[in-house]
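The two complexes that follow have subunit A in common; it is paired with subunit B in the first and with subunit C in the second.
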Partner chain A sequence: MINLGFILESTPAIIKAIPITLLMAFSSAIIGWILGLGIALIRKANIAIVAQVCAVFVSFMRGVPMVILLYIAYYALPILIYNYGLSIGVEIDVNAVPPVIYAISALLLDQAAYSSEIFRSALSAVDEGQMEAAYSVGMTKTQALVRIIFPQAFAIAIPNLGGLFLGLVKGTSLAYYVGVYEITATANLLAMPALNFIESYIMTTIVYEVISFIINKLFRYSENRLKRFRAGMTV
Partner chain B sequence: MENTYDLSTVPSYIPKILKALPVTAEILIFSLLFGLLLGALVTMGALGKNKMVRIISNGYISFMRGIPTLVLIFLLYLGLPQLMVGIGIDLSAITKTKYIIACLSLGSSANMAEMMRASYLAVDKGQREAAYSVGMKGFTAFRRIILPQAVGIAIPTLGNNIIMLFKETSLAFTVGVIDLLGKARAISSASYGTNRLEVYIATGIVFWIICILMEYISKAVEKVYTKGRKQATS
Partner chain C sequence: MESMVELKNIHKSFGENHILKGVDMKIKKGEVVVILGPSGSGKTTLLRTINFLDSADDGSVSVHDFKVKCKKHTKSQVIELRRKTAMVFQNYNLFQNKTILQNVMEGLVTVKKYKKADAEVNSRKILEKVGLSERCDFYPSQLSGGQQQRAGIARALILDPDVILFDEPTSALDPELVGEVLKTIKVVAKTGITMIVVTHEISFAREVASRVIFMEGGVVVEEGPPSEILVNPKEARTQQFLQRITNPDNKEEETLLFTQ
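Right, the complex of A and B next:
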């Protein structure tokens, strides 16, 4: 019924696929969240036209399923890269671009959209008086933002960012469709020859559960660490 | 061939893709119903008095939140029948659509349970005490005082959860169901993939528009429902 030998044999192969999943998750989270913070600031400052473009972008990203975004990135980016190459006079071999690049591009744009909403609500949740207090002691706008507002907003945003990151790790499983050999795709590949589906997906499930558990713990920990930034404003 | 694409043909694919909307709607409605039902049961367990049931319910929620929907689909659709054949049960009679509904219900039930728990706990404790003080019994107090307020709190999250669930129905094509994305793939392969980019963009637009509509409805429902109740919550 359950082939234990197969599980033992293929465990190393699945473990070897973990780094590619984590690479996709971390790189798209880091770049995406920085973009997201930028979008949040632009929309908060209500800069004409740019803010509207950002709003449409966020709405689109939130409305379109990840699989479709991945397919669009997978089929559109090579054309864009190729055409860009021609415009600067180089013929780029788009088939040499690893598919993980397309997956990361789609994931990071998705993260930018979702995190911008989290940052926006976190920035609005910081008391207005904090900004005024910072000005009153002679800080410039940048200083006030970086030293006073961001730490507090970040502390508010952390639980939601944790949820977002967990969703991202789960979302990387969809990169399977554009040919990235991450955990799910590797499990599928291993299962095919002898149809050991149940064994390989049980292993996949365990791997994802362990990763989720660790991420949850890490975010819970940083939430507690960052509580000190919230101390002043909970009154 | 890599370079041939014509974005002006995108709108022409939208009506063709929309033909598959009933399939997606069926999956969405049934998964939503079962997800809510399952979520309610799990919430009752998680907030109940029995310690064992509480541990199981919370374990279920964190398990379902930790597993990607795609893996859940593979586990149930490809894995479960093998396991069942091993103990002599044949699952081949179950249709693909039913498998997808089962997977999405399980996956969304955890989010639904979290939503229900959070909104239940967000209702002020004094409300229950006030209900008791005017002589209501446990269940009556829940049904007439707590539930209406909790529903009001839950509406925005419910709207979000439904949108998320709708987006996840796009995974139905994985097992070969011809839903919106399945239809798009069929259209694309009928022309040997030459128009795949246009078709996927058209599908994206279909999903986008439906999501905007859903968001709009969710906001409208929230407005209507919370009208006149605001005094009670503040």
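Right, the complex of A and C next:
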């Protein structure tokens, strides 16, 4: 039967692991999405060579399994950094870097690739006349983007970004493979001594469900705020 | 009198399609110029080359003595030129994410660097003039086409431009809303601001225009005061065009169509 005692005992430890999951999710989303927006703008402006490089990057990232990406970040990145350090005459102690940093760098590249596609389609969905109108009153391109285009594009992008973010939160559980003790890894570790795996997985599921529920609410709220300019379109 | 807008030898192609074939135009301060012509004649493109929404391949554009050569223009020149002009679009193109008041304020605050409070006072005044003071806090999607277009006119007017460019301002409107927008444009025309209007509204041209320009095939065919061009056009192409517009039920053409 279900071991309630185990559940009560290990709950605090699992709750303590929530921040590391959220840290990975939020930091890779924030940095990754900024990069993604940059990639989208570069590809939309069709800047020679850079746009092609971005296209290859996006296509490549979308084809790589997350676990492989994490392994590459965890095993290959330190060697690269170490060798680079040697080449400029500095011996960098790569072992001092906590694994969560490698996990975040892998996750954020993944986020950059996926979000860039969301931003690209959102930017194309904004009517071209909006840019022309902004130009016609004398705005610069940056002013037009920041004040007119981005707010409208974000309103279009936010449901998809919400989905992407939920996927990311769950994706952080893969950081287990590179030794980050986030929610899933902690639950697994606790389960091992007495083989309380069922209890662990139930708890893990509940924790992820609660986080997802809250995130969903947050995205729905911001969606409605961003979309308030569309008559009768509030969800 | 000095010329407010001067176009010289404007050429523009889209791919293989040569749209404008060397257009020259001089518009004096305070003139209301109406450009007529069949669709595909290049009149909208010409209007858009003035504020570089389409940049011409050759020729030059000058507004209020600020001259830009189309072949080698810089970004800052284009912005300077755009700040001397304003445009009213066929599809209104109000900023969808901003209220009507914010739409009108936007140019003042972002481009002319007004303080928000001052910009708001001025914007409310202009919106009252176009009859939209009740709609200040509505978003464009909540307004009718006519109301949106009047807001578009207010957004252009508030910038106090040297010239306002109207790109078929009533073409996207439901027929019963055309009147209110034309009325607003007429009021604007009376203030003495320089205007270039691309339209199909012949009666508007007759009443308001100080000069009518007829374009076809990327060139200016004929120009003159409305009493001449609209009543006694010299060129055959102008006559044909006016006949088609004022008398769309041409029986002769109809039978021609069916017998072919």
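We adopt the following convention: the second predicted complex is superposed on the first by the 228 of 235 C-alpha atoms of A that agree within 3 Å, B and C clash if a C-alpha of one lies under 4 Å from a C-alpha of the other, contacts with A are read in each partner's own complex, and residues count from 1 in each chain.
What we mean here is this: a contact is a pair of C-beta atoms (placed from the backbone, for glycine too) under 8 Å apart; a residue touches a chain by one contact, two chains touch by 3 or more.
These numbers were taken from a predicted model, which means no experiment stands behind them.
Participant: Check whether A:22 is in contact with subunit B, with subunit C, with both or with neither, and answer first, second, both or neither.
Facilitator: neither
Participant: Quick one: classify A:94 as touching subunit B (first), subunit C (second), both or neither.
Facilitator: first
Participant: Answer with first, second, both or neither: which of subunit B and subunit C does A:64 touch in the superposed model?
Facilitator: first
Participant: When the two structures are overlaid on chain A, which partner does A:55 contact: first (subunit B), second (subunit C), both, or neither?
Facilitator: Neither partner.
Participant: By the touch definition at the top of the document, which applies to A:137: first (subunit B), second (subunit C), both, or neither?
Facilitator: Touch partner of A:137: subunit C, not subunit B.
Participant: Using the superposition on chain A described above, determine whether A:145 touches subunit B (first), subunit C (second), both, or neither.
Facilitator: neither
Participant: Quick one: classify A:129 as touching subunit B (first), subunit C (second), both or neither.
Facilitator: The answer is second: A:129 touches subunit C but not subunit B.
Participant: Please work out whether A:78 is in contact with subunit B alone, subunit C alone, both, or neither, and reply first, second, both or neither.
Facilitator: In the superposition, A:78 touches subunit B alone.
Participant: Which partner, subunit B or subunit C, is in contact with more residues of subunit A?
Facilitator: The partner that reaches more residues of subunit A in the superposed model: B.
Participant: Which residues of subunit C touch subunit A in their complex?
Facilitator: Touching subunit A: residues 51-53, 79, 82-83, 85-87, 89, 91, 93-99, 106-107, 110-111, 139-142, 155-156, 159 of subunit C.
Participant: Report the residues of subunit A in contact with subunit B in the complex, numbered from low to high.
Facilitator: So the residues of subunit A touching subunit B come out as 1-2, 59-60, 62-69, 71-72, 75-76, 78-79, 82-83, 94, 166, 170-171, 173-174, 176, 184, 187-188, 191, 195, 197-198, 201-202, 204-205, 208-209, 211-213, 216.
Participant: Could you list, by residue number, the parts of subunit B that touch subunit A in their complex?
Facilitator: Residue list for subunit B touching subunit A: 2-3, 5, 62-63, 65-71, 74-75, 78-80, 82-83, 86-87, 163, 167-168, 170-171, 173, 181, 196-197, 200-201, 203-204, 207-212.
Participant: Please output the residues of subunit A touching subunit C within their complex, sorted ascending.
Facilitator: It is residues 127, 129-130, 132-140, 143, 147-148, 151-152, 155, 228-231 of subunit A that touch subunit C.
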